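Consider the two complexes below, in which chain A is the common component and chain B and chain C are the respective partners.
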Partner chain A sequence: MLVAQLQPLAASVFSLIAIASLLLAFVMLGSRWLNDYLIAFATESWLIAILSAAVGYYGHYPELYLIALLTALFRGLLLPYLMLRIVRRLHVDRELYERLSPSASLVVGALLVLFAFVVSSHLGQSLGLAGTVAVLALTVMLSMKLIGFLMLVVRGEALSQILGLLVLENGIFLGSQILVPGMPLLIELVILFDLLVVVACFGVLVRYLVVHTGTSSTHELRRLVG
Partner chain B sequence: MIGGLLAVILLAPLAAALGCMLLRRPRAAEFLNLAAAIAVMLAVLRLLPLALSGPYTFWNSYLIVDPLAAWVLLSVASVYLLASIYAIGYMRAHKNAERLYRFYALFAGFALTTLSGPLMNNVGVYWIAIELTTLVSTFLVCFELDRESIEAAWKYIVVVSGGISLALLGIIFYYWGGSFHLGPTYDLTWSTLRNVAPQLNPTIALTAFLLVLIGFGTKVGLAPMHTWLPDAHSEAPAPVSAMLSGALLNTAMIGIARFIQVADAARLGSLPRVVVVAIGAFSLFIAALFITRQTGVKRLMAYSSVEHMGVITLGFGFGGPLGIAGALYHMLSHSLNKSLMFFGAGNAMQAYHSKRISRIHRVLSAMPIAGLLWLAGAVAITGAPPFGLFLSELTIMRAGLVGPNAWATFVMLALLIVIFVGFLNHFRAMYFGDNAAPELSHRAVPGKFHVSFWCLLPMWMALVPLLVLGLWWPQAISRYFTVIAAQLSSGGAP
Partner chain C sequence: MTRDILLQIAQVFTVIALAPLLQGVILQWEERVQRAQGPGIFQPYRDLWKLFHKQLVVPETASFIYWTAPVVAFTCMLTVPILIPVLTNFPLPLSDMGDILGGGFILTLGSFMVTMAGLDSGSSYGGIGSSRAVMLGILAEPTLILVFVGITLLAKAMLPFVVNHLLVAQPEIYWSPAHLFLVAAFFILLLVETDRLPIHSSTHIEIYMIDEARILEYSGPLLGLLKWAAMMKQFILYTIFSNVLLLPWGLSIRGTALGALGAAVALFAKFLSVAVVVVFVETAQSRLRYFRYQEPLAASFLLAILAIVANQLR
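Up next, the complex of A and B:
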């Protein structure tokens, strides 16, 4: 178990990165500009890459350097670039159909973080890890998960929904780097590639959406009910 | 021997998909796909008796062949074969002839991902296989590229990807829990997970189980995570609907069955099974509500899938040899029967140019033989004797009555009766109704609709085994189920 024998410095670095990622999730939640989302997402991915490298360094998992490199390349550069292209092509730069205003969703997001904290401190206590960085990692992982779902619910623009899904996955990545750094390399690699495929599929779908419905807002998709 | 069969099962659809993309000819594509389906079916039939003495693992233990996986492969392969035959007749009437090769390439690719799911031994890789099925089938759902099908595809990919990411979280929790005992790096296979389960911290084991249940439950289409299912199943072309319903849902169900086993081994008390049973019963409830008031013929079939997945979940949730046998028998029967139903719905849609039940009338005079087969399928799918689903539902209820969750048996019985009445009432209206709708009265008797050989053959091929399974439960199948039940309860079932 890595978190049990961490140096104080490593623990603070991990905590700092985790908290910064959570803040970036809030940046996405509190803005209605798609460019802001993209920048926040890219920064978050870079933070996660740095976290992977740091965990690899302090925990002596050399394969995590590879993961860090790929994370930075895929999630930090390639995915934001692909999505930037979609944004440019669609000529939408802001969220038009939010079901909850950014300020209201910030409040809901804060409540979700509280909930995540209660759950993870309960888990941490039952494992005898209370007060360690593991609890923080769990909290951030669950919060980003919930914030991702919140974004899926309250945002109508197709692109924001893709980003919501990516935030979900970022949360899992961040948490798993701290909690299970030894998870087999193959799984992590395939999940990274898998994510690329997801975004490619979404790209194609968005194109269909625009060609055949004339809008990139999923707000218009409400014919199938009952 | 088994390795060779596995290679056939996985490589034949892959070769067909690549061949379709290379040749770009619709006729060649449809027969390539059909040839792959036949090869897969033969290989699976040969694999079944061999798998009985399993589990065997291959390729650095990334692949597993055990009786449960072989059984799910049987239902997937049957649906793949039936749907491939039907697709030839159905898609020829489709307007996009020049894109048809792409349909078959995707179709074979979808079959490949669906066939590989049950064979995955590593829990993380299993998750990836399930995620890949979503990505491939999304493009089959929106193949017709009209507004509704794009909406369905969008909902499908967003809801299922979101839901299944919860399953990934659950798997990471399992891995984390296991890392306290097995060290930081190990391979999380099904057997490792089952063996480490008794030592897992109960809080982690319970959280992880609930997360994977919700995650894979989304893919199975259990209520209340079923919202993508009626849209995707009703907007996809009929052969794809059959694959989604008869093949894909089972592939995700096998994961739930295996995680229930892990939860048993972790000794979490009665809670996991109560949750499983409650979700199953709730799916039946939601299905009953929407079946009785349904207006779309394919959505009717889709909600019937929610119902039957609920029944299978109840079977696995009740557990014991009877519950597991019932659930597995139900799985195969449902695969055959639901394919038959979607084929019938596809014929009706082509004959009446509408998905609305109120537009479809006097089916028997429009297509006598296909209509009769469809009607027989409708009787079968509501669980009436003498068809396979009657036997399996009865078995599951027998299992439920003796278990601790007997209340669910009564709920199940009541809802099955409601669904029986509601479902067949729609068929009464479509077959024998006098159609009070004024705009239809001028065409009292619809013209004859020619159902092609390719569309009729798979309907017979689905109905005949279904009838046989209802009248005669072969000894070999019983032995199969005994072995699977023993393996699934080896971690210590209640």
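Up next, the complex of A and C:
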């Protein structure tokens, strides 16, 4: 396994990138402005691309350079651009109704990180990986997934929900890059195109939502709520 | 031994003497950033001189707390420099009285007495100031404890000298995410504790004042003591921030007089670099509504947790 025999410099680079992308997930959680979300998401994707390249360099996986390039292009440029278009067209620039204020959601997110930390350190101990970068990657992966779920739950704007989904997916991708870097190239490509389809579908659904209810907020969808 | 005692006295004296200068520099730079001339950097000394020569006016409702609070606050600020590396990077006599947590307790005691004094005379502004300061304190305290936990996990010790040595000796720990996040979390705490959150304007005597409101009832020498204690608190927190966490270099290693003098100069240079950032944050950041005070604190809490999580790598 790659993570068990890393040199200290590589380990600290990986952990710095992983933690920085977790921090960017928190930037999304703590802000109200959709533009901030987009910038944070794009930066996070670029960080993950750099991480892929670094894993490829230190672990000698040449195909990871291609993955890094594709990640930067798709997640770092194309997806934010598509979402920026949706934002421009909808004329929403911020989250209007909050179920949870930004500071409260930051604190809840911090507690989720602690939960992920406990879970992954237990896992790491039982696998004999305690104290390596694998545990950190697992923590970051789990906490980004939980933060993605939290964004899906507490945010009302349709666009923030797409971003919640994408953050969740970014978390999985980041974890997989460090934990199982030798994944077949085809799977990565499938995931990338999957994301493209997700965003396109969401774009159509959001437009349908606007036509149907007059807003882009999911608060109006209460027919099935009872 | 005598030399060490003299050095210890020099540490306390450095804090007493240079604290108003730091305040003066920050105040002047804040005005300069806003393209005003600003007061001279020695203005706080002149203010203190003026206050100590003024008459003392005591409210009729004041009790003994009114008299003791400034003295206790000032004494607390005289005690903390003994515990932390101000000039030397090795412990001096009585430095083992308390660790970082002990120093934090003493600082909090001083702040607590000022809060009591704000409530004591029964004026409405004092009440507002005290309740605001306590609210911020309640939110800042868990973060402070988490930062201490993070430092303990990082250095396996709570003594500031150990942390200092560790960071100087091992650059990979200095650049590790755990340490960087601790620095960021402590920086926000520094803004909160030195009353420089971007909530009120830099003129201070206005409706959103926090720390100033607690001491509005004071006048003359007692006000001078309180202001001096506040400046010393700022100086002490800057010392902990820069000598223990951010810039652990440039302290006197052997303890010679020249080294101590150099350390004092280096200390002030470090403070100037921290002050640039503080001034930038306080003036360039747009003012927040008062009731958004919890957001920077939530961010700081989060950073402390991230530091603890990132710590498991080692």
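Everything that follows uses one rule, which is that the second predicted complex is superposed on the first by the 224 of 226 C-alpha atoms of A that agree within 3 Å, B and C clash if a C-alpha of one lies under 4 Å from a C-alpha of the other, contacts with A are read in each partner's own complex, and residues count from 1 in each chain.
Note that in this section contacts are C-beta pairs under 8 Å (C-beta built on N, C-alpha and C of every residue); 3 or more make two chains touch, one makes a residue touch a chain.
In this text, all values refer to a predicted model and were calculated from it rather than measured experimentally.
J.: Please determine, from the superposition on chain A, whether chain B and chain C clash or fit.
T.: They fit: once the shared chain is superposed, the two partners occupy separate space.
J.: Once chain A of both complexes is superposed, is A:C201 in touch with chain B (first), chain C (second), both, or neither?
T.: A:C201: touches chain B, not chain C.
J.: Looking at the overlay, what does A:F117 touch: chain B (first), chain C (second), both, or neither?
T.: second
J.: Of the partners chain B and chain C, which touch A:S15 in the superposed model: first, second, both, neither?
T.: second
J.: I want to verify one number. Taking the Cα centroids, what angle sits at chain A between chain B and chain C, in steps of 10 degrees?
T.: About 140 degrees between chain B and chain C, seen from chain A.
J.: After superposing on the shared chain, does chain C or chain B touch more chain A residues?
T.: B
J.: Name the contact category of A:L165: first (chain B only), second (chain C only), both, or neither.
T.: first
J.: After the superposition on A, what does A:V107 contact: first (chain B), second (chain C), both or neither?
T.: It touches chain C, and chain B stays clear.
J.: A:G175 contacts which: chain B (first), chain C (second), both, neither?
T.: After superposition on chain A, A:G175 lies in contact with chain B alone.
J.: Now for A:L84: first (chain B), second (chain C), both, or neither, which partner does it touch?
T.: neither
J.: Pick out the closest CA atoms of chain B and chain C after fitting on chain A and give their distance in Å.
T.: In this superposition, no C-alpha atom of chain B lies closer than 19 Å to one of chain C.
J.: Would you tell me the residues on chain A in contact with chain B in one complex that are also in contact with chain C in the other?
T.: In chain A, no position sits in both the chain B and chain C interfaces.
J.: Show me the residue ranges of chain A that touch chain B in the complex, using the header's touch definition.
T.: Spelled out, the residues of chain A in touch with chain B are 1-2, 119, 122-123, 126-127, 141, 145, 148-149, 152, 158, 161, 164-165, 168-169, 172, 175-176, 179-184, 186-187, 190-191, 194, 197-198, 201-202, 204-205, 208-209, 212-213, 218, 221-224, 226.
J.: Spell out the part of chain B that touches chain A in their complex, as residue ranges.
T.: Where chain B meets chain A, its residues are 122, 124-125, 128, 131-132, 135, 138-139, 142, 145-148, 150-155, 157-158, 161-162, 165-166, 168-169, 172, 175-176, 179-180, 183-188, 201-204, 207, 230-231, 234-235, 290, 293-295, 299.
J.: Which part of chain A faces chain C closely enough to touch in the complex?
T.: 8-9, 11-12, 15-16, 19-20, 22-23, 26, 30, 102-104, 106-107, 109-110, 113-114, 117, 121, 130-133, 135-136, 139, 143
J.: So in the complex, the part of chain C that touches chain A is made up of which residues?
T.: 172, 175-177, 181, 292, 294-295, 297-299, 301-302, 305-306, 308-310, 312-314
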